[in-house]
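You will see two complexes here that share chain A, one where it goes with chain B and one where it goes with chain C.
On to the complex of A and B.
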């Protein structure tokens, strides 16, 4: 067991990093429109399939076998998914923006189902394998073997999380987005176009979901029915981290990934799952505002 | 606006999902009607789609003089949806038989409804309990766990010389049923399990289980998992440097599962199955495979072939004069049928299939070869 511990930790952190990307997009939408985007898991799945298509197309053009195909596929997937995010906001949010948040989250469930069935109709039910971010053999350090792909996933996810943080805190666009999310009416009065900000937020959230989908699609495959799992993990991360807290969601997602893998290794998957839900219940009982505290009070 | 959106969503969903609206030729008064109630979405969609395709190919080639109609309904992954699909099919007409879900959990829910309605369910579900309920309307055309797990365990012990097998199985009814049979048979063969762990179908990272498995010092890995998890387990084992021989469940014989792996990762991998259409050279089977590829643009597997054979046996009953569901039930219970995969005959409980085989990959190709055939495992024929 001892030799496998480093790889188990790497796997846990890689899984948690992907969960963090999903949870970040989830929180961005909650903060922007006050409603949960229940299609987030299906958007991750859609990102995985976009990566499969982009990977196959690039492999054909690059002559196949390029170790760096995945590095090109990641931004392409994010770009395509950002565009899809704009379309998603037009379909699932804009027509209902003046309705209570419950209307929005119901519409996201509907769009999520449509995405899932469209993937099933278009690609078939079987899992597909996405491109590896970096094609390389395992890194061997004596008896310890570390997956380069998993390390690359951690690096890419960390970079994207960092860039998202910088975008939101250090740029004018980020300030507009946060202002429109915090108080849309005051933001409008100050000349900030709220609807555009919300559309950009959806684009960013869906791009992050797409990135997570791409990063997961090689090691874990991607299938039309995968969305529900990712959605559940993101929801738990957001609840544990503090409703509306970007840093809380990312931290909780990372902890969930490591907790799942390590507990499954030393106990079992069933125990890991049971303990995760027990921890969720405990946090809701003892600290309902989450580990880092809530930033918004509206829950839907 | 909400209503308009709901209508748009409903139209889109019904266009894309057969769950909402059944499809197939329109019902006709003088034709025998077949509902096809299978999971074509969700984690068991690969197997369910194979079932659907096998059933459709049989129905589209119904013998001369037998008029049939069919409709497909998606049962997805919940028992409730399956029961609703069956209830709706019964309300829509008087079917003579239904192709029913491979998913044991759904079959256990549908079985009492079918019994009350007197409708034969033609299934390929391997869940052992299904034919132990005393329900005379269940007909299983894929060998149950009591047959295939004998081949699974015997091949590992007798052919590979395993003495310390380790097992990963699914938490579903399918997984638990197979686990119980394997544990019992291996015990009898003098090679009890040294490690076992149940995995939910949603588990993606299998390294924790594989690490514990390796620590138990096994000499063979047995898998009893659905398609995606089987490929994940083999791939992650090979990436972790675990090169032990693998004898997997029937999911590994499916071409869609093999496609997720490199040929080199499949070296030393075998699997139990009822058949492997792409591995056979028999002219009737190659004709079936050729038509299947043309019709559905995918490779056939044992589930498709078993469902095809099952529906063909019902069609033979109709050709022989069966007029309604009860006639079909009686014919299935009392006749022997020569299918493409094997000879089918009820053991009195609805178990129609009694042969199994083991296929193995050579590490160079994604097409397996038949390594060993186990005929009439339960002595019914």
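On to the complex of A and C.
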């Protein structure tokens, strides 16, 4: 069993880093429009199916077994999903932008339902396998065997998280996005185009969901009904990590992934799920405003 | 008249579908039975989502628990309907009561997640506790309903049974949301702070509705189990929750007619979209999306004017105002109050006294802790140390609604104002619950008058202007029959004429025996009005005395008047 521990941890970190991408997209939307995107999990699933299609198309063109298929599929999936994110915001957010956040919550439930059952109609309920990011044999370090594919997933997810961080903190676009999220009115007054910032945020958030869908689609397969659990993990990560905090959400998502894989290996997946929900309820019981608290103080 | 119309519309909505189904027979009866079952669950969901405005994602879970209780009691214990149905109401209600304490105080997005987490746990138990629940296969052979030896196994009998239960549920819904309770719930939904400040017990109101909603859900689940004879984990699936939510949003979340309309429509949707086969849920999602975008009030909202029980003509009130309006009470004593936010000390050992019949002006620069002091006095925020007394009563640790009932009222800097209620209804929400409806209306009219809004008493619902919202806030505060009234910047944004008018009114209130604490920035408003001025700086009282004395006090000048005296 001891030799399996490193692989277990790698698997956990790989799952957790994919969760972190989902959670990042989830928080970006929360910060930009103040609403929960209940369809985030279904968008992950959609990304998985886009990766399946792109993978099949590229395999046909490049010839089977090309090591580069997965590396090409990832950016293609993200690009397609970014476009889909714009469409998504036009459907689920733009018509409701002057309504209370709960309306957007409901509209995203509706769009999530449409995506899920459209995928069901198009692909059937059976799980499909997406392209591997990298085709390679296991990495052997003495008695320890590590899956290169999983390490590549961690690398790709880490790179995307890092790039998102750089985009938000080091570029003018990122500064616009954060300004518009922090205070839309002041940002507008400073000449920042709020609606455009929100559209870009949705594109980015959905692209990240799509990336996570692609990265998960090989090891875990992808099926139309998968979305709900991805969304739940992201929602829980955001609550544990501090509502609205990007770093907290990513870190919490990583920990959830590791916890899930390790608990599932030693006990069972059901126990892992149950413990996660119990932990969530316990945190909300002890800290009704989230583990790290919210920064917003309401005025009376 | 309007009340009658509403009654007849509800009666028609309950009778016509049943009559149509009986006429059309077989298949339509089964769909209509399903619609009735869901309408009961949706009615319950309207209590929590419509009346409280809380997006619960546990209604589907309560539905499933009710179904499982009926299934387990019928299959394993051999219980009949007479025993299993009450249990199917009680178990979800009990679970709701247990989780309510931690869950109901959560902010909306955490409340949604917590209720979703509870549903997930229930689903895990339903699927995995195989010995009891039958696991993924579920429980087969749930017995049909038999009451007093009469079997209700035929589809006609089941249809009548379900819609009869629905009629009872509509009555129960009415009892839970009748009259002034509806006004109080509206204020609570719109602004919990404002509700607590007029003496509405937020916790118990939320608890009652949440527990009731769970019982409605459980009852619907029980009927579903009897109807199809099988209970499987599908009843705990999120799909049920989405169906209930979609029916509520499409039908309308506010009026019981919406529950029936939404359930009728969505129960038939799979029929109308038969060409989508099992993918009719795409149509569900589309209908939900379209509804939330183009009819925020749902189908019932489109017929809102018909369904409204609101009388368009203002009540003619010639009754004397109830005697309690202004009993002079004890003085308010705030002693050494202290409050910090992280490292910032907002209120640092402030003390002050407001005596009945006197006006105290509270001044101080921005951020000196004036609003926080009012929040501490009324209990909206908790102090770290110090005490609050009203007369002989120690209110230091009392929740806001207890302080309000003890006679401590307040107004807000940015008052709640709702477009969906008439000004009179808005004030009625604040009248003491033990008054009769007639007395409450008389009191509400009297308070509108004292707040200078008598011209609004017959005004229909509509968005109040900022000045009206402020006046309504004052009228609501007065309707709680306070002895001490704390006003947070009542003159902000008023024109000079309106200010003078407000000053006269406030003087009259003091002459009635009310003690007033007025926060304001404008010295020309406050100095001639107040008997005493208290000056706050960085959370501490730096000067106190007559207006003349404080306006000359070097500490006060340094802290507030600065280099630009007004």
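Structure notes:
Convention: the second predicted complex is superposed on the first by the 287 of 300 C-alpha atoms of A that agree within 3 Å, B and C clash if a C-alpha of one lies under 4 Å from a C-alpha of the other, contacts with A are read in each partner's own complex, and residues count from 1 in each chain.
To be clear about the criterion, a contact is a pair of C-beta atoms (placed from the backbone, for glycine too) under 8 Å apart; a residue touches a chain by one contact, two chains touch by 3 or more.
In this text the structure is predicted, and so the values were computed from the model without any measurement.
After superposition onto chain A, the modelled positions of chain B and chain C overlap sterically. Of the two partner chains placed by superposition, only chain B is touched by A:223; chain C is not. When the shared chain is aligned, chain C comes close enough to touch A:102, but chain B does not.
By the touch criterion stated above, A:269 is placed in contact with chain B alone, chain C being left untouched.
When both complexes are overlaid on chain A, the residue A:145 reaches chain B alone and has no touch with chain C.
Looking at the shared chain after the overlay, A:189 reaches neither chain B nor chain C. In the superposition on chain A, A:110 contacts both chain B and chain C. In the superposition on chain A, contact of A:126 is made with chain B only, not with chain C. Counting contacts by the rule stated earlier, residues 95-96, 99, 103, 107, 110-111, 113-114, 116-118, 120-121, 270, 273 of chain A appear in both its interface with chain B and its interface with chain C. Remark: chain B residues 1-2, 4-6, 9, 12-13, 16-17, 40-43, 45-46, 48-49, 77, 171, 197-200, 202-205, 207-209, 211-212, 214-215, 227-228, 231-232, 239-241, 256, 259-260, 298 touch chain A in the complex. Chain C meets chain A in the complex at residues 53, 55, 102-103, 105-110, 112-114, 116-118, 120-121, 124, 128, 193, 238, 242, 245-246, 249, 276, 278-279, 281-282, 284-286, 288-289, 292-293, 296, 341, 371, 375, 380, 412-414, 488.
Partner chain B is touched in their complex by these residues of chain A: 1, 4, 7-8, 11-12, 15, 95-96, 99, 103, 107, 110-111, 113-114, 116-118, 120-121, 124-129, 138, 145, 147, 216, 219-221, 223-225, 229, 260-262, 264-265, 268-270, 273.
Partner chain C is touched in their complex by these residues of chain A: 36, 91-92, 95-96, 99, 101-103, 105-107, 109-114, 116-118, 120-121, 228, 232, 235-236, 239, 243, 270, 273-274, 277-278, 280-281, 284-285, 288-290, 297, 299-300.
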